[in-house]
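Labels for the chains are A, B, C and D, by order of writing; each one numbers its residues from 1.
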Amino acid sequence: MIPRYTRPQMAAIWSDQNKYKIWYLIEAHATEKLAELGVVPQSAVEAVWSAKDVEFDVERINEIEAEVKHDVIAFLTHLGEHVGEQSRFVHQGLTSSDVLDTCLAVQMRDSADLLLQGMDRVLAALKTRAMEHKFTVCIGRSHGIHAEPTTMGLKFARFYAEFKRNRARLVAARDEIATCAISGAIGTFANIDPRVEDHVASAMGLAVEPISTQVIPRDRHANYFAVLGLIASAIENLAVEVRHLQRSEVREAQEFFSKGQKGSSAMPHKRNPILTENLTGLARLVRSAVTPAMENVALWHERDISHSSVERGIGPDANGHLDFALQRCAGMVEGLIVHADRCQENLDAQGGIHNSQRLLLALTQAGVSREDSYRLVQRNAMKTWDEGGQLVDHLKADPEVTAHMSNAAIEACFDEAYHLKHVDTIFTRVFAD
Amino acid sequence: MIPRYTRPQMAAIWSDQNKYKIWYLIEAHATEKLAELGVVPQSAVEAVWSAKDVEFDVERINEIEAEVKHDVIAFLTHLGEHVGEQSRFVHQGLTSSDVLDTCLAVQMRDSADLLLQGMDRVLAALKTRAMEHKFTVCIGRSHGIHAEPTTMGLKFARFYAEFKRNRARLVAARDEIATCAISGAIGTFANIDPRVEDHVASAMGLAVEPISTQVIPRDRHANYFAVLGLIASAIENLAVEVRHLQRSEVREAQEFFSKGQKGSSAMPHKRNPILTENLTGLARLVRSAVTPAMENVALWHERDISHSSVERGIGPDANGHLDFALQRCAGMVEGLIVHADRCQENLDAQGGIHNSQRLLLALTQAGVSREDSYRLVQRNAMKTWDEGGQLVDHLKADPEVTAHMSNAAIEACFDEAYHLKHVDTIFTRVFAD
Amino acid sequence: MIPRYTRPQMAAIWSDQNKYKIWYLIEAHATEKLAELGVVPQSAVEAVWSAKDVEFDVERINEIEAEVKHDVIAFLTHLGEHVGEQSRFVHQGLTSSDVLDTCLAVQMRDSADLLLQGMDRVLAALKTRAMEHKFTVCIGRSHGIHAEPTTMGLKFARFYAEFKRNRARLVAARDEIATCAISGAIGTFANIDPRVEDHVASAMGLAVEPISTQVIPRDRHANYFAVLGLIASAIENLAVEVRHLQRSEVREAQEFFSKGQKGSSAMPHKRNPILTENLTGLARLVRSAVTPAMENVALWHERDISHSSVERGIGPDANGHLDFALQRCAGMVEGLIVHADRCQENLDAQGGIHNSQRLLLALTQAGVSREDSYRLVQRNAMKTWDEGGQLVDHLKADPEVTAHMSNAAIEACFDEAYHLKHVDTIFTRVFAD
Amino acid sequence: MIPRYTRPQMAAIWSDQNKYKIWYLIEAHATEKLAELGVVPQSAVEAVWSAKDVEFDVERINEIEAEVKHDVIAFLTHLGEHVGEQSRFVHQGLTSSDVLDTCLAVQMRDSADLLLQGMDRVLAALKTRAMEHKFTVCIGRSHGIHAEPTTMGLKFARFYAEFKRNRARLVAARDEIATCAISGAIGTFANIDPRVEDHVASAMGLAVEPISTQVIPRDRHANYFAVLGLIASAIENLAVEVRHLQRSEVREAQEFFSKGQKGSSAMPHKRNPILTENLTGLARLVRSAVTPAMENVALWHERDISHSSVERGIGPDANGHLDFALQRCAGMVEGLIVHADRCQENLDAQGGIHNSQRLLLALTQAGVSREDSYRLVQRNAMKTWDEGGQLVDHLKADPEVTAHMSNAAIEACFDEAYHLKHVDTIFTRVFAD
């Protein structure tokens, strides 16, 4: 976790302190059920719950681990230092993985919930800005080249739709990752009653893992990280759009630039899209978790522990950095300055060539073949591009065109409302529910 | 597409022939609606449908494309060669992307349907084999080391559960990818009525894309390829298990080896797990589509065409190779030879140390502290490992153990039924519906 | 290999025809040495060389393989159909991998040589264009925002330097991949004399692999594909620059657009940077080979065959697509239209704020603190950005500035030659040898 | 950086403290040369060097950065708090990137040096163990199936050769990454004399970057991380071998297991290969840096800052985790317990079928056709595999075999020395220099 790109809420989820708290809860709930089933004495339950408010001593646990080289045993030994000799009944029939994997499920689920909050903030911001700029006309671009008019609202709406799809994917992935396995060595329940699993799952707010093999199957995690990769890519998509809009030559939008902020140590004139450039990089970073998570799926036989070091990295990192990125992204959208005047200037700057298709269709419908229509419009559009002037004028001066279309018919192809008539249709589709 | 790893059914979906057929259908259905809306004459509809049974001439289209450097224009020109001058009404208000992206959606959906057939075959095979070997006892292994007994049926059941989760993910991804966009330049419907989109979507069996920007948003595709990556990883998971089981020292299972097959050109004694090694490699290949698909998400402004060359690769390749891999995987599972006798031999070979946990629990319940119990069992297990013999005998010869447990109590920890008592529970969970 | 993105030269290297030719040569050279060492009769050499001009029948070999399920055995069987019963002396002591891996080394080396030709063409084009536009002044941009002037020549020079570094990396990777292993099963030379390896290596123009284990170690291949990934990234770097320069609002450069070419089926006015967008996508595709190539490194024990299916994909694909991309890239650079006038217009469009740093330095040296200098210049630069006008005028109207600098001193900060004084220095560094 | 997988030496290189120290040195050396060139007063040099022994206050710098939102400006402001108003001459004509990128070059180079120490330790360990077990015979395995004998020494030698190749790659990547850029905004040296760059480069032990554009080109970094990916893959390769050798059924080698270590919290009998499983995971983690590093290459125009957040992650992480992995790997190799007796047992366990190739060759040379020889040997090998017994006996009982070979000739094919005769040859090749 890069501290600069991690919020305290997410850091807390992945802290050792929180991890040991979750381990404790899993063990305590398991002991509770074990006592109910008569496997361990009721006194063990009281003993273990007596540590309910203990803040476990991370240093001390690390110290023990350095000796026994096993993290769960270290924790259990430390727990014994709090609850006394009844602690020998704790962890009866469980394996370390029961504790570790169920704990990871809790951390992943809680991370997902934080990410969903971030996504909701992004969605709300995008919706607000979309409504605000529903009819802020600007040029649409394909291949970076002016194409036909669209609106800034449609841009926001497009990202809204993508984030909404990703939100649904994350909800699904969150539910898939939130499973509990307390199935003992190799997952056969030989030494642990399945009712313990039921009980712990329910207490921790998780579903029961139908078949575990000492580990929860890693396709659940891989699926989760793949969804994080998709969300990161959506952030990149939005970030790249803003970076383009803020270019010196475009200037249709600009990240909010606070008082006292310096764009460059050397060039005082700079106002750089540093938030969105930063988001672009963070997207790459989050996405880099996808492949190792998929490589983690094929464990040897019932389990090996190769996945563990990977998850110690990507678990906190991909969740943490994406959480930060979502909040930064939301703030960026909320504060984004949209220059409607520049939008209009850019739209006007190309001599009206963005209406070439309408003219093509008009000529076709006036009886000119598609090939000839294309040629006629292209010829005048290229002239406008290369020599300047207005396309409407070039067309009116082209006898091959005027042979088929009156000046009035030509001019009628240059109103902007034509391009906006279905903005409502699209907004209804996107924001309906 | 590597011909060796592509089935004809999948090759057909991605053939130029099929692509042009889909383009044709999209154009024809669009023209139909355009005529109904009065945009083009009814005669154009009849003209275009007159080519219904034409096999388009791929060579000829390529020839035209070489000149005009635009694939859709080349196709339309060729279509004109079939349907005559009415063809000028075809493609009215559409852009190439309307055709290309909707076509891709059809190909992806049809690919998904083929993949689902493959998954169903794998699932059926896994279920059959799981039932067959529900109680074929074998040693479970964690870290490659003997742990406690499990059954071959549970192995198959575990993969079944993973494939089932992946099946659900693929169904979701298939539905997400199956959208139609006929929204014209920049996606504003300026030159095309949204009802055309509705009509084509419905005719092609697709949903309407709520907001497109001349392209269907690429997160849909990225999500799809991520799911293919998960399925590939599941295949690798299963393949790695079989490769381990077939090792010379393990020999608990073996890929079917046909008469006349040669394992090695040099060593006539070899029976190699080449199918599963092949599947391991194919998994890497399929998975390699995930990252570029995610890199495709962030297009510039309303669209650029950088995604296109990527999809010309990963579209047919990832679908094609995964389809092949699923069929090979299914056949491999169907034909897999399970050596129940070897399972038993391996289980017996370690002197019973796989019961160490039961003994640990038994000692603990006999009042020995967890630490001491662990030490006592470990000491005898290591002795068994290092010096051979049976753990039960070493324990009975250890006075520190016998001080707490009778010989009978020790021996009672060595029956196998103990490990199998919840196989039914797990099977019910996995195969319930 | 996507035919559209593959040149015939590269397709030939990876054709079955060529593969069998190389297999034949390896076997023939090996037999030659085996005869010299007295292991096989001299007559076998003559027999095998009698097939020197045979075009092997790919169909027939496939047919045999379908039966024996082993490609090398199929080839040897077919060879026997040409050279008769002396063929039993061929492949004595070799394993399939000796043939396959040495063949792959030849194909990779030959591919590298083709790629080096492509790189040389790119390098030549970049150098030519750099020299041509050494002093074509344009605005340099950081974060997409105008910064300070640079030249188009420096842009070309920068890519030249990057391609040159990549060329050196490819030469190194080529040499690393060009090794021959004829070491027999497990690589111990038990059944084959190391002198056979020496002989074949020398005959095929390869180095001897110091230690093989039936396979040539896969780090060599992984290294090679990593270098292809770097070259692909360099192409993307250049492509992204051109795409930016061709944007409607920038228009400082433009891909050559041939007569008769159509930019868009719908919008006749479009001139899109489709070559560089295509290159951007191809870069993603080539780069996707890197991870699976690295996953191929860790084979099981002395070898498994999981790498094989991966290499059947990435071998021809990454080489083929990169070869195509390099040629397309070279042609694009050669034909690129540079609009020097637009460069100047863009430079002039921002009211001279690109000189802000000079003014900052000048104020600092006039005794103003860095903080105050920064504030003064930023204030006037932002005014220029927001309100228009020329920075020089705003400064001359700012009494806090003129308190420290005369009008003449201010104006002296606005000549362009100042920015170009070290272009020669840099060109000498880049193009020295 | 995961603390658990980071050594203090590497953490120190990437600490904020060290970063600010390097920034300071770059600024101080630059000021020195600027004074010599008469750009700033000599007094500035003395002022700046007066802070030579200052431990910069990271907290304070962060505090300033929170306000100005610019890290280098924050540092310079803090520097001014130490050296007084002369600090206004510091950073004259430099940009932040000059400082940041040159600092990163120093950190990467120093990381590389630490990694090289790690590689040398691994290499030394591999060489020692190779020599020790040069003739410890064991079965070689292809496809996980017994093939022909090899030696444990050859296994170590193979990894040695791979690490040596990677060492050379790292040395090259280290030299490529160690460049200094002090070229000012956009890299034109407009406001900074190239002699400053020369001076700083030389003072910091770096080469001069021939052409920078405010940033050092990112292909250098991508190349570096690709090499880290290769080294990680080599570690995985070795780790997978050891994991296989330690399997319960194989037990030819075993990670050193210290007194007091617990293999499993639940199963006291376990001795798991946790070091090598951990290394397998760490390899995935390190390798995940390769793709984002390559995505960083294509910056917009002269530079954008998207690479920065990526490098804040992968810079310390990939270097740190690989450094840890190399040390762990070295320790693992040094302490690895090789069970020569188990090697022999496994070799003997398959009834001598590993000599099948010799028999095939012997039969061929006795005049039997290759096809028939293959069939005869395979038939007897399969019998041995399926029914047990010794291959030599099955052959002697097969009349079709004995028609061509005497019993003595058959028996002569079963001595082990035959397989070891070229171990010396290979060792000489690998360890020659």
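Heads up, the rule we're going with is that contacts are C-beta pairs under 8 Å (C-beta built on N, C-alpha and C of every residue); 3 or more make two chains touch, one makes a residue touch a chain.
Remember, predicted model here, so these are calculated numbers, not experimental data.
Participant: Give a one-word verdict, same or different, on whether subunit B and subunit C use largely identical residue numbers at their interface, taking over half shared as same.
Facilitator: same
Participant: When the contacting C-beta pairs are counted for C-D and for A-C, which pair yields the higher total?
Facilitator: Of C-D and A-C, it is C-D that has more C-beta pairs in contact.
Participant: I'd like the Å distance between the centres of subunit A and subunit C, where a centre is the mean of that chain's Cα atoms.
Facilitator: So the centroids are 32 Å from each other.
Participant: Would you kindly tell me how far, in whole Å, the mean C-alpha position of subunit D lies from that of subunit C?
Facilitator: Their C-alpha centroids are separated by 24 Å.
Participant: At least two partner chains per residue is the criterion; list those residues in subunit A.
Facilitator: As it turns out, subunit A has residues touching two or more other chains at 76, 91, 93, 141-144, 147-148, 184-185, 191, 243-244, 262, 264, 266-267, 272, 274, 277, 287, 291, 295, 300, 304-305, 357.
Participant: Report the residues of subunit C in contact with subunit D in the complex, numbered from low to high.
Facilitator: The contact residues of subunit C facing subunit D are 76-77, 85, 87-89, 91-93, 140-144, 147-150, 154, 157-158, 161-162, 165-166, 169, 172, 176, 184-191, 194, 208, 210-211, 213-214, 217, 219-220, 222-223, 226-227, 229-230, 232-234, 236-237, 239-241, 244, 280, 283, 287, 290-291, 294-295, 297-305, 357-358, 361, 364, 369-370, 418-423, 425-426, 429-430.
Participant: In the complex, go through subunit B and note every residue touching subunit C.
Facilitator: Touch residues, subunit B against subunit C: 2, 4-5, 67-70, 72-73, 76, 91, 93-96, 184-185, 191, 243, 258, 260-267, 272, 274, 277-278, 280-282, 284-285, 287-289, 291-292, 295-296, 300, 304-310, 312-314, 317, 321.
Participant: Mind listing the subunit C positions that touch subunit A in their complex?
Facilitator: 139, 141-148, 243-244, 246-250, 262-264, 266-274, 277, 291, 295, 346, 349-350, 353-354, 356-357, 359-360, 374-375, 377-378, 381-382, 384-385, 391
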